[in-house]
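Listed next: structures, encoded as structure tokens.
One chain, chain A, links the two complexes that follow: it is found with chain B in the first and with chain C in the second.
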Partner chain A sequence: MIENATLIKQGAEARIHTAPFLTRTAIVKERFSKAYRHPILDKKLTTRRVNQEARCLFKCRKSGVDTPALYFVDTENSTIYMEFVRGTIVKDLLVTNSVYIQNKVKQDELAKKIGIALAKVHEIDIIHGDLTTSNLMLRESNQSLVVIDFGLSYISSLPEDKAVDLYVLERAFLSTHPNSEEMFDYGDEREAWLDESTRL
Partner chain B sequence: MIAIGFEGSANKLGIGIIEHNTESGVVNILANIRHTHVTPPGTGFLPRDTAVHHREHIIPVVKEALKTSNVQIKDIDVICYTKGPGMGAPLVSVAVVARTLALLWNKPIVGVNHCIGHIEMGREITKADNPVVLYVSGGNTQVIAYSEHRYRIFGETLDIAVGNCLDRFARILNLSNDPSPGYNIEQHAKKGKKFIELPYTVKGMDVSFSGILSNIETIKNEQSCSPEDLCFSLQETVFAMLVEITERAMAHIGSKEVLIVGGVGCNLRLQEMMAQMVEQRDGKVFATDERFCIDNGIMIAHAGLLAYRTGFITPLERSTCTQRFRTDEVYVAWRDAN
Partner chain C sequence: MQSFSLELYPTRGHIHISFYKNVTNAEDLRKRLLSHDQELSYAFIDAKVVLDQFQLLIAANDAVHHELHSLLKTYNINESLRRFGISNSSTSIVVVKVGGNAEEVKSHLSTLIHGEEADVGEFSNSVDISSIKKYYKIDNKVTDQKEMLDIIVGSIAIKSVS
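Entry: the complex of A and B
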């Protein structure tokens, strides 16, 4: 049991709480078992994903990708304690924020930030595994793009895995945000983007 | 209004006749006749032989459908046929008949996307309003949700369809294809006890099945696993993957309903697992039985008639077939924007 926890979201496979951790407020991600899954499979997947998530979070953070800082991993209870990022989910930004809905320059700026962050993630051979606009945030304090939810992440240097990662993101964009096709139109941005990613 | 539907995108040949009461909105199923091309254990169905089967049986099946429905030819408003996706030769063999009858009877013709047929039929039978749709069959594996006049694909298989994985697995074990390989796997799985670990590949809302198939081929040759245990483990693994991506899609778009359609959708274990997942989320699961899950002519007639009622007609010279026809290519004029 997590002390003084407030449930803020019930995700597909984890409950997200906020709870005090030492002197700070932490996000506590607690994976729960799935009734529909065979117990052996369930245990295997849960353990593997907690470990992978913690590892990938830490590795990204170390390499300069803005991710929630890792505080503590409780493997017994499949729970991860991490930094509480104050900011906005990109999905909400694109759906409700009129500045982003109308302003193409703002959209381009955001697309570029996403591109740069993902280039950094892939540079260190981390495959996010669940890139959707629900898993990207903008930090309130400095408008930096934060990548969250490494629950399906793994390490691979195969170009195919990285490509699938981007393909998943493109599809998430097109299915969730109809008419966002042009955010994937690299155009002149592509050069700058490639420069950026090779420099890293 | 009455429509007749022609389906033959895979090994099932189906003719269905449906009536829509345009005033009350009531839908009447007048006939749903199916003839399946069943191949011997250890083999699959090939496009050429399947086309031969369809050509051989289509006329008697049409006659039987007309007889069952008690509908006069003059009462039929529109002829609907599967435009795609599916196997080329079987699709064409059925489309030729639909086209000929359209000319002979002087009726308009509507080409229907097979996946849309499944979705609309499932919605009609279960009365699910705006569900996340899991479409699982021998040729397709997609997680779909509706938005702004299109059925949008949120997740799908990156290689083979789940039904294809099951069919080919049944071939490895030499299980019977009668009535369907999936049914026989389901029956064997009920006797399985031991869970054998298989690759579990979920990437975001997408899944991959090809690795499981090659893995199971190796295990079968190396270890002494009973066919029952293999069937059980295969079902538990692939269905867990499907339920997981469905749940992820539900969480992503904030929906509480799930509709399962397609041939694999009549598997009771899949329905049960989906129900367990949905229960944890406080939602509802909708599924249909073998009559509407497995490919049939009714769903083509139903989806075709919905389109026809909005004024959609396929001109004869464009009444072609296509093996590749994605679910999100169809403009869904008959539903509200949200």
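Entry: the complex of A and C
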């Protein structure tokens, strides 16, 4: 592990550290091996996922979606180094920030930012794969919406895959943020679409 | 000159970055580089393709990583040399050195390069945005330099993946 790293989160797939890196502060995401998998298969899967994550992250950044900047990919050690974004996780914002809890205009503004960011992601055929309010941030410096954690992302042009992304986000909203139904008010169009899809 | 540490490879030594302007002997330096003159074991870079020192640090870190893991996939450096290396007409030059003693590097460079040593922060004055956009395939819509730098370092990083 890099010098002076601080563990900030341990997930099922990876450990997240922050560390000084080439004059800046980096997020260091290290995928670890799974003992229950055959070592050869494990190495192959981990390498593929690291590469896929880095590619999706950078493709989004390059196409104008605000994501952490990609700094360095260490395939040998299954580690990605990226920008440490200063800001607030959208989930925390909606749960603890009284302005966002009470002010409908602020909520609409946030919903619009999320919509625009996701449109850009889907436009370039990237499926985020884990869209929850924990994987969205507001950048402290300019209040831009930052999409993070491309660990489950992949490339697909299928409308169904993009729809699943949106469905996951809707479920995440409804389960973690009570009374957020109105953020998903599609109006008549959605009713018509649902009618049609049930018929099929 | 400024020196930086490589947190990932602390035993490899420091990265030294120097900036020279009003250089008059670029043609001679280039000739010596092409004839493998061992005295010039530095990276001589045309300052017009360097946006920020962070770009150099990311590239140097990547180079050291590849060196230590013997991952060099290609030895065809012709195009890199043409785009990023100095040309006969270069007058602003950035020099990068991995390892070595800072004082020795500094004094050696001052004998090699005929020009004025300037502050490392100054090389953004000689940057040629259109070349940078072309080489790093950056969309013309991107105008913000911070965003440009993010894309540049990402492009360097993603090279070892794709």
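Here are some notes:
Assume the second predicted complex is superposed on the first by the 174 of 200 C-alpha atoms of A that agree within 3 Å, B and C clash if a C-alpha of one lies under 4 Å from a C-alpha of the other, contacts with A are read in each partner's own complex, and residues count from 1 in each chain.
Heads up, the rule we're going with is that contacts are C-beta pairs under 8 Å (C-beta built on N, C-alpha and C of every residue); 3 or more make two chains touch, one makes a residue touch a chain.
Keep in mind the model is a prediction, meaning the values are calculated, not measured.
When both complexes are overlaid on chain A, the residue A:Phe58 reaches chain C alone and has no touch with chain B.
By the touch criterion defined above, A:Phe84 lies against neither chain B nor chain C after alignment on the C-alpha atoms of chain A. With both structures placed on the common chain, the touch criterion links A:Ala12 to chain B but leaves chain C unconnected.
In the superposition on chain A, A:Ala69 contacts chain C only, with no contact to chain B. When the two structures are aligned on the shared chain, A:Ser175 is found in touch with chain B, with no touch to chain C. In the superposed model, A:Leu131 makes contact with chain B only, not with chain C. When the two complexes are overlaid on their common chain A, residue A:Leu41 makes contact with chain B while staying clear of chain C.
The touching residues of chain C, counted against chain A in their complex, run 4, 6-8, 10, 53-54, 57-58, 61-62, 65, 69, 138-139, 141-142, 149-151, 153-155, 157-158, 160-162.
By the touch criterion stated above, chain A contacts chain B in their complex at residues 10-13, 34-38, 40-41, 44-45, 129-132, 134, 152, 164-165, 168, 171-172, 174-176, 178. On the chain B side of its complex with chain A, the touching residues are 145, 147-148, 150, 152-155, 158, 195, 197, 200, 202-206, 236-237, 239-240, 243-244, 247-248, 250-253, 272-274, 276-277, 279-281. By the touch criterion given at the top, residues 2-4, 19-24, 51, 54-55, 58, 61-62, 64, 69-76, 81, 83 of chain A touch chain C in their complex.
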